Amino acid sequence: MDTAERRILWVNPVGTPAFDAETRELIEEVRRPGFVPDVRSLEHGPPHLEYHTYEHEATGPMLALMREADEAGYDAAIIGCFYDGGLREARELCSMPIVGMEEASMAYAATMGHRFSVIVGRRKWIPKMTDNAVLYGHERRLASMRSVEMGIPEVLADPEAFYNACIREARLAVLEDGAEVVILSEMATPAFWRRARAEVPFPIVDPGVACWKFAEMAADLYRTAGYSHSKIGGHEAPPSSVIVSR
Amino acid sequence: MDTAERRILWVNPVGTPAFDAETRELIEEVRRPGFVPDVRSLEHGPPHLEYHTYEHEATGPMLALMREADEAGYDAAIIGCFYDGGLREARELCSMPIVGMEEASMAYAATMGHRFSVIVGRRKWIPKMTDNAVLYGHERRLASMRSVEMGIPEVLADPEAFYNACIREARLAVLEDGAEVVILSEMATPAFWRRARAEVPFPIVDPGVACWKFAEMAADLYRTAGYSHSKIGGHEAPPSSVIVSR
Amino acid sequence: MDTAERRILWVNPVGTPAFDAETRELIEEVRRPGFVPDVRSLEHGPPHLEYHTYEHEATGPMLALMREADEAGYDAAIIGCFYDGGLREARELCSMPIVGMEEASMAYAATMGHRFSVIVGRRKWIPKMTDNAVLYGHERRLASMRSVEMGIPEVLADPEAFYNACIREARLAVLEDGAEVVILSEMATPAFWRRARAEVPFPIVDPGVACWKFAEMAADLYRTAGYSHSKIGGHEAPPSSVIVSR
Amino acid sequence: MDTAERRILWVNPVGTPAFDAETRELIEEVRRPGFVPDVRSLEHGPPHLEYHTYEHEATGPMLALMREADEAGYDAAIIGCFYDGGLREARELCSMPIVGMEEASMAYAATMGHRFSVIVGRRKWIPKMTDNAVLYGHERRLASMRSVEMGIPEVLADPEAFYNACIREARLAVLEDGAEVVILSEMATPAFWRRARAEVPFPIVDPGVACWKFAEMAADLYRTAGYSHSKIGGHEAPPSSVIVSR
Amino acid sequence: MDTAERRILWVNPVGTPAFDAETRELIEEVRRPGFVPDVRSLEHGPPHLEYHTYEHEATGPMLALMREADEAGYDAAIIGCFYDGGLREARELCSMPIVGMEEASMAYAATMGHRFSVIVGRRKWIPKMTDNAVLYGHERRLASMRSVEMGIPEVLADPEAFYNACIREARLAVLEDGAEVVILSEMATPAFWRRARAEVPFPIVDPGVACWKFAEMAADLYRTAGYSHSKIGGHEAPPSSVIVSR
Amino acid sequence: MDTAERRILWVNPVGTPAFDAETRELIEEVRRPGFVPDVRSLEHGPPHLEYHTYEHEATGPMLALMREADEAGYDAAIIGCFYDGGLREARELCSMPIVGMEEASMAYAATMGHRFSVIVGRRKWIPKMTDNAVLYGHERRLASMRSVEMGIPEVLADPEAFYNACIREARLAVLEDGAEVVILSEMATPAFWRRARAEVPFPIVDPGVACWKFAEMAADLYRTAGYSHSKIGGHEAPPSSVIVSR
């Protein structure tokens, strides 16, 4: 029996702590005892990640946090964004498992039904998220990506409109695209989920919940069975002496 | 924080309890406190599952055990065979999540490296296991299936030969097929794993370990967030009144 | 010239002889002299196959009938259901070719046009039938699966509504999904076909007709050229002594 | 019961009748009574079809023969070459079903085992034959294409060497590439097949046999059930008045 | 620096010079100095290429023109039709690079956005153009093929209706199918493009422009770096002595 | 006729000007008059790009150079690394077309033969380069990636060994993997190419040559026809005011 305490780093890769409290709250609802979250955001970074350039800006500081945690003996780390930006680099740099929000959500959703759809904020997000899905192996399982056409600021400004748009698109994904499961590409509040579960007869996955639980599993598999990213190919680490400082 | 106890049914779908003790031992090594295993085999069933007809024979009694557990409030169940036989039917019949050994092992291995190989016992196994991999979405990630050409009885009779064959094929999978990770399609002993981890520089996944931890995650997601197999499509349950008794 | 008589077993894998007469009638319309049908249903079995659990229930008795026929020297056998349930097991057990309704219909329809659609009874059927189509190789050719949302009992109760729904969905498959050919996933009556052929300008395939003619071909190829399922891999037969009796 | 006589045109699309007699012989071995073959070659045409330009040269006269047969009420026609050259054009021009040797052989072989390999004469043939296989849907089922590196003249000059090379490559396809079934891309003699069947424990498909029997099925389905190439899309026929004469 | 003059043959594979002047005009707008176009049509040939049989009729004379140019030292040649008919044969016969309109347009469009759609004249065109796209590798990038249902004669008769239909379908491709780029499958006039560029906020590719510039690149790569179609496989040339004269 | 001068930025994304001179030399051999190269490397950056973390380090300064050039009215820019790192971000930030070395080389090689192989320096490179190939659409065309197992420093230290290893692996790619064309993933010297062209009978593509000529085409298409990356989806630019400075 595995009773060791595991520390899991969760990075919200934005230059604001605005999302950290609700991240901690969400984790608190679903974590097992023994898994200790360390939720962090960036000292300097973009306000959100709607643009790939912003993602790039956020990746350097996020990698620095992850490397530090890896050296400090953390057991897993989470990229708190559905683009999974920096996943390849983080796995190259760290020994501990790195969990991407999109990868984990889709890995689980793929076991929940024949096909799943993803609700995204804006059409802009679809190309990269779809490319990720292709590389993760879910091309055939991805029924559709549907956009509510609300950027992060709009979502924050009008949560009621966001809720309604999500539910409408989720229903259409089921009716028109053949989805049996829906994944939200953004974390939502407990209130959102209580309403959603009462109103729709099919599962909608919160990516924060899915990736946190995936990280608990990854942390245990790492420490108990030694499973982490293979280091003999694409994730071979650079020699530590020549890592360019940031 | 989620502190509830979860009961997980593990069915070894064969008509012999011969594998149950070592299954319990393996689970004991990796389980988190709070997850209680119930390891079962079949009262009447085939001696092993090398043939699809045997799998079919085993599926009926396995489904009966799972249905009973589902009604008794279990939190998840595991099909203890890498063919994942009966996955579709079990998900149709049950509310709790059902975890297949091949599905869970591959879902996790796909996050551990660019491509993975599977070591199988006999060439005979490859078609169905490959078809599963295709449907699970791992066609592009599956570097190869390599056979040690030892049936279950031979594996039991000569574990040293089995170990050597597995390590040899795993190394070839890496060198010739481009695998970064290897999955064994059969559970192995703690002694096997101690040697393997000391000898090879890349991860080899035990399907029993992977599926148990996946089931812990599934059980928590089911009870905490309500995630289980969608019931609006392929897993729609038959009306209880007309289930044919066995 | 091949003038031998061939016996072909057709199993309607349900516990009722209700469909046998119309099956015989349909075969009689299209069979060549020399091909003798033996249409059978199950002594005990599910009323229909809307649920995968029912399919599983039906598979055991169906396999028993097929094995018996194989030993009696039959030349081919047909699984009379579009789910093709038990195809893998039957090919493992038998020497004669086994023909699946979905496999045969799609193999022929794929030669008739660029893309085809399938009209199914209920959304529930789509996941497994689509998975089959993927494994048979028709993913790119499958324009769509469209459901009339009528279960078997409803079809029997209101054939006029069924006819109208089928024609409507077939037309939509052509207009909206790019299909050039349509496959019905259920056998229809001669009256249905007379109307359909007069009304629509594109071919609609009856799966019973397609699989019967495919079985005639398979029976001849088996006896004349020795072609049947390869026994060196996935269809390797279990040793006869250890087949579990049912 | 369908007792009508069916006439099937077989075109060897080369400018020599050298292959016609053995084609008739092969058909005679496997045909059902009622199916009457009309084996033809071209008055003027290339000596063989090793080059795509030769194929192009042969297509015009072949189409002329097929069109004539279609107008004369034939029931099906066969392109006697594994490149299936002119399939699209013939289906555009004719009402009767047109059968391609590669398409028919692969459609049947795909039902005989998990994966199949094709033995080709020269590496030169592989690109087009592979492209066809992709479009027919068999990419995942095609284990390999293996070349014996013997052009048509060499095959005719040394049949013993051809036999040995075919058997060697067929065995390697099974051992190294995972094939369960092998397709020869050229027709072989009865003597070839007697030896092959006695020596190898897996099925090898003769494309002439497979396409002839496929054509019998197609002819019956055409006349009995009205199934032929859909005319509402890619096979829409040109207005007869403006067909350019040859 | 490469200052040599390059001669590029453009064949409009129809039996009318009606399109040659506007082809020259279009080339003149975009060509670099040093690239000299030779625009040709067929002495005898079909009026247009709506039917595959017409394409076949046009291929022989087109190949003759290309072979002659290749022997005369031309630097590249273009097939002036979006079906790319004869591409395989021309590459077999010639040493210089051959550019297909569909292949070149899609190769470039695939670098311009995540997914592209193609506007075709008639539904009839979709199967072959889609098959080409699959073989060129763009299956995942092809958002849709949308038809304006206007044949070549109708396009010539009512350019205003054609313009409006193209813009409407292009907008729908973006809004409903997820395209970011649109390819027209027919060349359009400078007037068409001036209006289109002013009206729609996403790029629409003219296949004539794309393939001409691709041919300039191909001609330079051929002469400067020696890059042309590989001659060791599918494009191996027939022995010159046995090419059948036309 | 298009006689305007085009300025093309080529960034070697490393913190050393060591490769700039030979880049200029290579461009000088193949460029058309009118296309003016501006070859740049980074003031601060990693010594090479063997690791994805190094790539990430290099991307920021490379984007800054590209943005500046875009604002200064350049006509195209090239990422001088076969990983194509930063392609998505650069296309998001810039109006001019951005050319990636791997994308351009593969887009051209795919028109040169049925399948191509890529010679890489180290196994480490294969996962990301393969993922790119998948997303670019060349999965079916990619015969293999073969590694010479020489890192950049080793290549520079022993060019003779590098040459021999490249030629050996290129020959094996043709003989064993079915490639008709080979792409080198690193630029080579004029001396390398003179020897290679004399020794092997199939084309080997230099990625520097291919991407330079592709960029000439892209620059012309941008300025003459207005073709560049679509800005309505994944490449939508961030609002200029909130771009995080570096």
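Which chain is which? They are A, B, C, D, E and F, in the order written, and residues in each are numbered from 1.
Just so we're on the same page, a residue touches a chain if its C-beta (ideal position, glycine included) is under 8 Å from a C-beta of that chain, and two chains touch if they have at least 3 such contacts.
In this text, all values refer to a predicted model and were calculated from it rather than measured experimentally.
Engineer: Can you tell me which pair among B-D, D-E or C-D shares over half of its residue-numbered contact pairs with A-F?
Structural biologist: The A-F interface is reproduced by D-E.
Engineer: Between chain pairs B-D and E-F, which one is joined by a greater number of C-beta pairs in contact?
Structural biologist: Of B-D and E-F, it is E-F that has more C-beta pairs in contact.
Engineer: Averaging only over C-alpha atoms, locate the centres of subunit D and subunit F and give their separation in whole Å.
Structural biologist: 44
Engineer: Using CA atom averages as chain centres, what separation in Å is found between subunit A and subunit B?
Structural biologist: The computed centroid separation for subunit A versus subunit B comes out at 26 Å.
Engineer: Using mean C-alpha positions as chain centres, tell me how far subunit A is from subunit D in Å, no decimals.
Structural biologist: So the centroids are 52 Å from each other.
Engineer: Where in subunit D do residues touch two or more of the other chains?
Structural biologist: If we look for residues of subunit D contacting two or more partner chains, we find 114, 126-127, 131, 134, 139-140, 178, 180, 232-234.
Engineer: Looking only at which chains touch which, which shape fits best: line, ring, star, complete or other?
Structural biologist: It is other, because the touches fit no line, ring, star or complete pattern.
Engineer: Within their complex, state which residues of subunit C touch subunit E.
Structural biologist: Residue list for subunit C touching subunit E: 114-115, 140, 178, 180.
Engineer: Considering the complex alone, what residue numbers of subunit C touch subunit D?
Structural biologist: 1-3, 28-34, 97, 99, 103-104, 107-108, 110-114, 136-141, 174, 178, 180-181, 193, 197, 201-203, 205-206, 209-210, 213-214, 216-218, 220-221, 224-235
Engineer: In their complex, what parts of subunit E are in touch with subunit D?
Structural biologist: 45-47, 50-57, 59-60, 63, 86, 88-89, 92-93, 123-124, 126-128, 131, 134-135, 232-234, 236-238, 242-244, 246
Engineer: Can you list the subunit B residues touching subunit D in their complex?
Structural biologist: Going through subunit B, the ones touching subunit D are 126-127, 130-131, 134, 139.
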